[in-house]
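Sending over a structure as structure tokens; questions will come in a sec.
Chain naming follows the written order as A, B and C, and within any one chain the residues start at number 1.
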Amino acid sequence: MNRTQVRRWWRLSQQSPWIATLQFLIFMALVMWVVLRGAAEMGYQWQWYNIPEYLWKEYKGELYPGQLTKGLMVTLEMTFWCTIFTLLVGLITALLRMSNSWSGSLLATIYLEVVRNTPLLVQLYLFYFVLSPIFGVDRFWTGVICLTFYEASFVAEIIRSGIVSVDRGQWEAGDAVGLSRRDAYRFIVLPQAVPLMLPPLTGQIINLIKHSAIVSVIAVADLTTEGRNIIADTFMSFEIWFTVAGIYLVITLTLSVFVTWLERRVRVRT
Amino acid sequence: MTAGRRNKKTRWSWIDLLVIAAVIAFVVFVVVRVETVLRYTWNWGHVMPFLAYVDEDTGRWVTNLLLEGLILTMRLAVIGIVISALIGVVMGLCRISNNLFLRMVARTYVELVRNTPPLVFIFIFYFFLSSQLMPLLGVDDLARSDSEFVQWMVRMVAGDPSLFSNFVAGLICLSLFEGAYITEIVRAGIQSIPRGQWEAGKSMGLSGFDVMRNVILPQAVSRIMPPLANQFIILIKDSSIVSLISIQELTFMAVEVGVSTSRVFEVWILTAVMYFVICYACVIVFNWLERRAERSKR
Amino acid sequence: MTENQDPIIRLTDVSKFFGEFQALKSVNMEVQLGERVVVCGPSGSGKSTMIRCINRLEEHDAGRIVVDGKELTEDMGNILAVRREVGMVFQQFNLFPHLTVLRNLTLAPMRARKLSLKEAEEVAMQYLERVQIPDQANKYPSQLSGGQQQRVAIARSLCMKPRIMLFDEPTSALDPEMIKEVLDVMIELAREGMTMIVVTHEMGFAKTVADTMVFMDHGEIVESAPPSDFFTAPESERTQLFLSQILSH
């Protein structure tokens, strides 16, 4: 495209949101076309018709989950356990960090710095090669534990900043009316802090789902692993990867929309 | 916080006892398991030469796999942050443009990247890049070029020319991935400048471009730098993922050394320490720079 | 006012919506060259929106706005030309915090009027002297008091040699003891014959400089009259009520 064409394209998209949307769709179609043409050039055989059998199988009139669906179940199961453990570890870490115990805050700080300054993948290898033989844990739980400690470092920070963000004056007001420290937490600080924490905590679940894909490195049979296995068997790289990415996107984007909704609600209330 | 009201003197509480007991129990359990059940014999002497060793013929220190891996990791991170910052600035400007088409393109890019697992993103892109884009761009030809300058550039960028195309593919994957996060950093930085600054600039008859260049960007840059520095550290860490597409950076080398020596405990602890040292050093340096910048602002 | 002369600003049936909310309801106004208009009214009455439409910081949704013979439309060239003729002073000063006072003043003349650095600095110093803070030229805005900042902001607008000045509640964000120094600069400007539209609640200032008082409420111009009539015999009840509230304290 030359300059005048670019300018014309620009002016068109300024005219109305519908035209801009149309342009966007044209652009996306163009991107798709480039991908498809590239695939055609390397003689790629599209086999989309083979995909459904990896999602579900029908046997004697009854539906059974296909390979990818089974993988998705494992991903969701990991996410479920991780969420619970992450909240627990994150909460303990946050409390230890804010406590007046020197060893507690030291331990929490060391843990946070180590997790923040090493790659998740290296942590996973450490857990898999070093800690899991020591503790005799299987692959699945190795993955769960590793992800838990990784995500919990973020959760700890979310909880801490949520509590810190409650105005100092609120503590002082609590003191002024003679509330104990526990009651001040329970009736004044937490009711204000928890709504603030909810959107970022939900965002953290999204990250958890995304990061859980990494356990395919240690061959936990999650969605990504199943996808890689199928590709190794059938060479349907494009179809499987797009399907896998699509499944992740559906889940994470749904949660993203939920987070946006939560954030708006919190903002209205405060 | 309430903790600030207490005196700073070290005091022991029941929490300390609990924490220390837990730590001791953990350490004892690990040591007992390693020594008696697994019967693992530590041999650091076997692993350390993979960092660097003394060549017996020349008597000089020679870097070995792990250190070379670390160097490649740093190459990826440094070149990667430049490319992804470029992507981030362009996309960030699109993201706040008043042109809906550009906003939609940038938004799609950001949401796609941020909502797919990094692993899946890298696999898809690597597959696509290495099979289609690399031949198209003629990267392989570049690496085989006769020109001395090109050869020098290739060596500077990738180290080993024979792995150049592979390196470039990994680099592009990583940059596209991080670019989405930097896009949001740039957007947030620009949007954090109060609307009044735009209005003041415009009310004096400056064009949108002039307001952006002379008023908004200079202020936005100082707000973008700290999160960008942080993103550099994240980039160092995220670069470990490209080991899965056979880029021979630190994590890849660690897997290799672990397999060939079967000294997995030492190798992985050493690798983690290497990453930690690099990242933590960056944290310290960036914090120092930030404090200095704060101070110079009067 | 001489009615036969062409007005320098003319608003015809100007309406403005923010979503469902109508901020301006077919506003009509004419301002002659050299006229000083003071606009008052309760908050949310559309005063700021109206003057922000005049240099198109807000886009009006209906009606016509003609400034110095140029109609404000999508045409970016016209908008820039009008903005160079029309200076604006904001409630929050909006100085550029990363530039020195001098650079704040020279930026627009250099970029938009293509003046050389030397010329721009000469003009800038001249106006800094007029607002009586030439000694602050090399400081940063954050080092100045609110009153000084607002005077810099006025000087910054004047550097573009505008034919019209708009003031959007220029003293509302100031501490009481600094209001006078800013008003003095504005009175001085009025004496020199600058065309001004001022949104303010400073009724003393209004009585001193205004040729025309405009009272706005609910997005409409309720009353428009010379100050002598406006303050002594307001026609509308809403104006009376507003004046009694604002003058009683």
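Please note the rule applied: a contact is a pair of C-beta atoms (placed from the backbone, for glycine too) under 8 Å apart; a residue touches a chain by one contact, two chains touch by 3 or more.
Source: prediction; values computed, not measured.
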| item | value |
| --- | --- |
| Of all other chains, the one whose Cα centre sits farthest from subunit A | C |
| Dominant chain pairing [most C-beta pairs in contact] | A-B |
| Interchain centroid distance [CA atoms averaged], subunit A/subunit C, Å | 51 |
| Between subunit B and subunit A, distance of the C-alpha-averaged centres to the nearest whole Å | 19 |
| Residues on subunit B engaged by subunit A in the complex (per definition of touch) | 1-3, 6, 10-11, 13, 15-16, 19-20, 23, 30, 33-34, 38, 98-102, 104-105, 108, 111-112, 115-121, 123-124, 127-128, 131-132, 233, 236-241, 243-244, 251, 254-255, 258, 264-265, 268-269, 271-272, 275-276, 279-280, 283 |
| Residue numbers on subunit C that touch subunit B, as the complex places them | 55, 57, 80-81, 83-84, 86-88, 90, 92, 94-98, 107-108, 111-112, 140, 142-143, 153, 156-157, 160 |
| Subunit B - residues contacting subunit C, complex | 194, 196-197, 199-207, 210, 214-215, 218-219, 222, 298 |
| Residues on subunit A engaged by subunit B in the complex (per definition of touch) | 9-10, 13-14, 17, 20-21, 23-24, 27-28, 35, 38-39, 41-42, 96, 98-104, 107, 113-114, 116-123, 125-126, 129-130, 133-135, 163-164, 171, 181, 206, 209-214, 216-217, 224, 227-228, 237-238, 241-242, 244-245, 248-249, 252-253, 256 |
